[in-house]
Amino acid sequence: MTPYLIFVLKRFGQFLLVVFLGVTITFFVTHLTPIDPVEESIGAITQMGQSDPNAIELMRQSLRELYGMQGSIWQQYLHFWLRLATGDLGPSLSAFPTPVSTIILRSLPWTIGLMTVSTLITFVLGNAIGALAGYYRKDMVLKAVSLVFIAMLPIPYYILAFVLLIVFGFIWPVLPINGGYEMNANLDLSFALVLDILKHSILPALSLILVGAGSWLIGMRALVSNIITDDYVVFAELGGVPKGKILRSYIARNAMVPQFTGLAMSLGAIFNGTVITEIVFGYPGIGNLLIEAVHAGDYSLVLGLSALSIVGVAAAVFIIDVLSPLIDPRIKVE
Amino acid sequence: MTLLSLSHVTKIYRQGGMLGRRLITAVKDVSFEIGDEPEILSIVGESGSGKSTVAAMILGQAEPTEGELQFAGKTVAIHNRAERTAFMKEVQPVLQNPFEAFNPLKRVDRYLFETASNFSTSGKRPNRREVEKMADTALHHVGLTLEEVKGRFPHELSGGQLQRVAIARALIPEPRLLVADEPVSMVDASLRMAIVNLFGRLKNELGLSIIYITHDLATAYYVSDNIIIMRKGEIVERGRARAVLDDPQHAYSRALKDAVLAAEFGEVG
Amino acid sequence: MENLVEIDNLKAYYRAFLYGVDREVRAVDDISLTIRRGEVYGVAGESSSGKTTLIKTIAGAIRPPLRVVSGSVKFHFGGGTQDLYAMTPEERMALRWKHLSYIMQGSMNVLNPVRRIRHSFTDFAFRHVKLSKPVFFEKVAAHLERLKLDLQLLDAYPHELSGGMRQRMTIALATILTPEFIIADEPTTALDVIVQRDVLSMIRDIQREMGSSFLFVTHDMGVHATVSDRIGIVYAGRLVEEAPTAKLFSAPLHPYTQHLVGSLPKIGDPTTRPSLEGRPPNLAMPPEGCRFHPRCPKRMEICSQKVPPLVTVAPERRVACFAVTGDQV
Amino acid sequence: EDYTSLPRKETLIVENPEGTIKNPGWFNIWVNGGGGVSTGLQQLTMDTLWYIDPEQGLGGAAWDNSLAADKPQYNADFTEMTVKLRKGLYWSDGVEFTADDVVYTVKTQMDHPGMVWSAAFSVQVASVEATDPQTVVFKLKKPNSRFHAIFTVRWNGAWIMPKHVFEKVEDPLRYDFANPVSLGAYKLKAYDPQGKWYTWEKRDDWQRTSLARFGEPAPKYVTYTDPGPPDKRTIAQLEHNLDIIHDNTPEGMFTLKEKSKTIDTWFPGFPFAHPDPTLPAVIFNTQDAPFDNADVRWALALLIDIKAVDMASYRGAATLSALGVPPTAATMKDYQAPMQDWLKDFEIDTGKSKIKPYDPTVGQQIADILRKQPKFKDQIPTDPEAISGAFGYGWWKPNPKAAGELLEKAGFKKSGGKWLTPDGQPFKIRMTVEGDTRSVFTRAGTLIAQQWAAFGIDAKAVPAAKLWQTALQPGDFQVAIAWSVETWGGDPDLSFFLDSWHSQFVAKKGEVQPPRNWQRWSNPELDKIIERIRGISADDPKGMELGKDYLKLVAREMPTIPLMSYNVFTSMDTTYWTGYPTIKDPYTDPVPNWANSRLMMVKLKPAQSQ
Amino acid sequence: MFTIIRDLARQNMEFLCGLLLFAVIVGLVILSYFSPYGATDIYLLPPDMPPDGEYWLGTTSRGQDVFWQLTIGLRNTLYFGIGVAFLSRIISLVVGLVAGYAGGAVDRVLMAINDSVMVIPQFPLLILFYFVLKDNMTWVALIVIMASLGWSYDARLIRSVALGLKSRPFTTQSVYSGMTMRKILVEEHLPYVLPIVFATTMNNMIWSIGMEITLSVLGFTDIETPTMGMMIYWANAHSALISGIWWWVAAPVAVIVILFLALFLLSMSMNEYNDPRSRLNRMGS
């Protein structure tokens, strides 16, 4: 076996371990929730106009049986892994008997679509400005632009999103502010639908980009201002290598090494969804689903979503670890 | 009784982690001794020939893969803090780059005081005055005084001063052996002589033995009693320093000697 | 021989206004020298005596806090005359690598760590040649061969090469365009003696072949003895002596040079060598008068009051010491 | 079909307060499967035997025989109920509705524990059979004069299942009922796979539904949607993209009223909102000391300055109630108005003195306060009758002195400005409020806690995100703001909530309390009232007298401190549709998630020519 | 110390700006102790008054003075952010330094824990904690929980620096001076990771305060403690943006931005001061 393969296998083992630990912690924490999905369901049912206490007791028993909630927490834990091994996340408890995976898969593409695109744009934008601002330290325009992005960073995302919404949806109503597509849209795949979906994603994406670019920018700027004093950059400058080339191939290329790790982490974190975006813009996605699931004590669903997110982040770390020898040739495979 | 003896010491590094297959024999079947008489033993040789690895093993920082190291008749074994402290009282290092050997953010006297209070010869923890006294004594051996050094940051001292402070620190536990791994390679010619001369004086005045690892054959010739020439982990030649260098026997030793650029007007090749 | 580089009364100071410290380090203080076409000029001196600063100033590698306070650096490249500090940045850029290349201190670590070495050749040299890429790389191949460097190394990353190889690669990069003037700062420090000797002989060879001038800095007198035609000794920011190499070693004039030459141990010579007392001067507050006087065995009254001028005492020989030149101005 | 959006003029767009539906493709309303209920499903496609409207209703009475042809017929001891069904009603797939559907509904649910009404049927029904296609006979396990309530829609009721669909299904518990067959006047047209909207289309054969008795529904399409947080609803309605907002913040409502010319509200002026037949109250956990003591409860009631609470929570836009029934239009007439004199004379004994705590002019005072605010000046009614209807009659007058006397009577002591309980501990109250979900309650709770704190009690409001599940049900609270009283609204029969207040249902400490009696209060006198109500039929006029007995009892005992109506800030945009229910034409509740809101469809008129 | 600050302020525009902004923040925090109104008292003042001479930043719909509310909210938020940052710094320092220095099995175990914490989704966990703890979900509890979620990434960073420090010669020097591991980590290595600690502190505070606001906006915090998040929560619950009470929202947002610009500028210039490169520049004197 090549050392690289061994390295990959070892990292993979680590990945599995981290996933295992992460999911285990989440399993037990989610089962701590005082919200009982059966009581939730009873709550919903009694809301439908019944309050006969005898009937409620009867209902409680039947639901408990139906939802398969018997057995100690350890049995349920074991059961969970056995089921997971076959790729089954079990039925949702707040949307019984619909499988958790069905529910997640319905929202997931939206989250992935919006977040991937906006994360990438944020990454490119933040790093580009950061690199320029770090290299041309005296440039007033870059300074101002950086400052604007940095100042945007601490603005509570809720407020920023809402202000965008009010500006572009109300004061100057040019962009749609609700949902992933027009209400009552024809959902057969068509050019118009794609356009509509794109239009609906502009504000959510913009809000994510505006709050997110600042931190890349800060990181990149700091990296660049360190790198410009590195010998190979000074040498290239003395060698008369054109500035643009130095910025691209010498500075940015070297700064990218740590930034890519961050990017992988952010891409992995996509599976956390963005609750506030989804709330403010009514954008479909798994963030809101998660909150709902927590509210409903639906720990199957919470666990399913958490497991997804854990695997996402852990996989990102794994992939970046495995790829890092390729991105940064200096990293030797132990 | 010998102070230090290495018998058939081999050190193999495994590269590629736990499952890795690449083995590097850094040191191969090396044996030598330092007797009770104080001496300066030079170890010279090409880059990567295992000189630093030998030093690390003598300092207890690395364990030999095979063979045995004995210090004052006892096998070197460090399992706990007490053993480590006891060992460090006897063997102390001098590091390569004086500018790197001290934390630039800390005052240099700190290391003197720490050493003094951790390795007091009387056995119990000394008070502040005793500590300063010990430090001052050690500094006197290297031609400095505590006054010159106290409260100073590394960047406030010259390289020569720093290296001398480092040596003074190593002297505080009153060790019997100093291991100096390339102590002069980063300093310029005039400083180099100052330090090498200091080694000679310490040997004579304090009865210290010193293992002097270097690339600089000229200073090795100048200061050492015995010499070991290493190549690819093995000792290729050894003996009294001047005898060996005046008339090297092994082909590699000769190549090494030839490569030395004499500071006289002449041309290469 | 005609002059290629003329340096006049060059002063370059580090102006540090750093957090509570307000200081001026006079790392190059009033140095004048000339370098002729086709010669190797060595600069020697103690550590932190200003050697690197001097050649940075000559190479135009000035960045804050270093500032050229006065003086001039003139080149005679391609028959013309260029005043380094009167040129625009663009003009200076045009000189680099074509006429002037500079191998920095720590040349083992000057190659971009994340790109293959091939790209460095493209970045540095390709834009100066009017050749197609393949033809250019043929030329590179020929050059590397001359330096006994494997062609495949072009496709390696810097870290995959040993220190010696990297250093040679940097030298190859600096010489590929056969510039008229090559500046090198300690190009062999931290090399194995055997490797070092190879590198030096290589430098010497290509210098002869190309007829370029070299400015060469190291504090290793052995290296100077091997490579340099003329040597300038720098002490505390000043040039204190200049002489052809043979003369310098056989009959050093300045007390510091004498000490330097005399203190070098030699294999086969077991006599005890003295070490220099005292510490190197603080360039932010250099001693009055001759900067060496606190450590000088031949110190006189005047040494602490007046700065000894650099006086030509014999053809090709200059020295700044009252003990040698007497109390003349 | 080639459409991107439906013709706006033919579409009614309504907020669904359920928000985004987690399991959008689930239409099996008989299983709680994560699907929506008020997505239009229960309003437009479901039907059952009877409806009681929270307001006046359309047929001349709040009571409406929907699928049933008549009121329920009980035998003398209330163990058998016979229902006559209407003829000529059809499911949307053309199958006729018959008694078999009703029987199937009951039996299937009884056979499948876990279905929504399964337990309710199993507990009560001994047998059910269709004696002919239009007659169903229920035999009950024990007497129950209110058995029909299960088939009577207030907000919702036991909906009738399409037998012909479900009998082909293997397991009704796992069947999603996609493409739901409708018994109502609308059928599903399209829905958002992300659960944000549902659109229903008027059935071509709408005449063959029970709603047809009131005329033709006007909107061709009805869309129920999740418009997002309150501010976005406001924006949407200002842009005429949302015809009915189910509920808003008071401020959102004021903004709408101020900025839009086309907004209809229940009250044309202040307080705009519709009073829900639920009664927000300060609920004591009467199983815990010191709240097991009526004197303490009364003391705390006398420390509340209801005017400030009203301003803080609803900014004055509330209808107050000192009595234990929600001040809906019907109860105002049936209970609140007739009991004013009793209230004025009502006395309590503080141990040191007797006081008359009632202040009949509070509603008037609030109107006066609001009239001083320039923003609202013109919107405040002046007619005393209208003021009482909008703002309520009166409430308890703050009386710190009497409150102190009551506390002392209960053994409390005041020391260093702080009240100590009889066992010498600081009197500490944690008032659990609902957090963001019902922010007006949170606002009220915060202020009440502040008022108690000002009196030297260590009182503080704490939010609980799932108040019902985490606090009220397990009894894990001291004092909370929520409701434990909800009524039919349009009908004076109080058994709807009162039955579950019987001491037989009060859970032991630490156990889960079944719904409604969150205060866990038991009282022999109350049990007697409840038992007498059980013994008479729902429309027996004696019921109202018993209701008044209940009101007097809780006024004395104060197990909860009734505050005000639960005002729902429903706003209706008249740009595309007119004819919404308002106080002037109160044919139904404007709140569009109630199943009764189907009545709106037949009363609405397009505002613009088609 | 004072001269350093003086010189920093004189020579470094960023530092000066940061210092001034920070002074504003500190000023507000100090003022909070002199508030004429109780922190949680409501309906004491006429609601919805726009900013004017009497109410500098206007009043809220709850009858509170925005300015005084702001000072107290800022104080609580700042203490919260500092609390989380402080605790999580300690955890990440201990884990990072120990893992980097000790290496081997210790390192592997610590990093496995570290990575597991890193991948756990924080948001659902926080909400779950909120449900589990209910009334006990005080600010202190929230600080502890947030701190125990917010250290892992930084611990990794610190570890990577510690790995480098371990092979620095001065570490060997310290070992042979007989220093204990604790001493080496705390006195020798800590100063080198402080720049990272400074830099990550700001990020951590942005994260924790942002999280506080998010949780508050969703109603998952103690509503009786005024914080920036709580101000926004109440403003939101009163539809402040849509009903034109913009000052209720603008004031906390402005203060948060000021706070972070101050922290950012300070940490940036402090980093420059701390950077060994600039220290190296001073060497050789």
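Letters are used for the chains, namely A, B, C, D and E, taken in the order the chains are written, and counting of residues starts over at 1 for each.
Simple rule for what comes next: contacts are C-beta pairs under 8 Å (C-beta built on N, C-alpha and C of every residue); 3 or more make two chains touch, one makes a residue touch a chain.
Since we're looking at a predicted model, the values are computed, not measured.
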{"item": "Topological distance between subunit C and subunit D, in contact steps", "value": "2"}
{"item": "Intersection of the contact lists for subunit D and subunit E", "value": "A"}
{"item": "Chain separated most widely from subunit D, comparing mean CA positions", "value": "C"}
{"item": "Pair sharing more residue contacts (C-beta pairs) when A-E is set against A-C", "value": "A-E"}
{"item": "Whole-Å gap separating subunit A and subunit C, where each centre is the average of the chain's CA atoms", "value": "55"}
{"item": "Centre distance in Å when subunit B and subunit C are each reduced to the mean of their C-alpha atoms", "value": "32"}
{"item": "Distance from the mean Cα position of subunit E to that of subunit C, given in whole angstrom", "value": "50"}
{"item": "Whole-Å separation of chain centres (CA-atom averages), subunit A against subunit D", "value": "39"}
{"item": "Residue list for subunit C, restricted to those that touch at least two other chains", "value": "none"}
{"item": "Per-residue overlap in subunit D, given as positions that touch at least 2 other chains", "value": "229, 231, 235, 465-466, 470"}
{"item": "Junction residues of subunit A - those touching two or more other chains", "value": "34-35, 162, 166"}
{"item": "Of subunit E, residues touching subunit D in the complex", "value": "40-43, 47, 61-62, 127, 130-131, 134-135, 218-220, 222-224, 233, 236-245"}
{"item": "Residues of subunit B touching subunit C in the complex", "value": "46-47, 158-161, 185, 187-191, 193-194, 196-197, 215, 217-219, 221-222, 242, 245-246, 255-257, 259-269"}
{"item": "Subunit B partner contacts - residues on subunit E that touch it in the complex", "value": "168-170, 172-174, 176-180, 183, 187-188, 191-192, 276, 279-280, 282-285"}
{"item": "Subunit D residues touching subunit E - in the complex, by the definition given at the top", "value": "229-231, 234-235, 248-249, 251-252, 254-255, 308, 311-312, 315, 430, 433, 435-437, 439, 442-443, 446-447, 450, 460-466, 470-471, 476"}
{"item": "Touching residues (chain side subunit A, partner subunit D) in the complex", "value": "34-36, 39-41, 43-59, 61-63, 65-66, 92, 94-98, 103, 106-107, 110, 162, 165-166, 169-170, 173, 177-180, 182-187, 192, 196, 279-282, 284, 288-289, 292, 295, 297"}
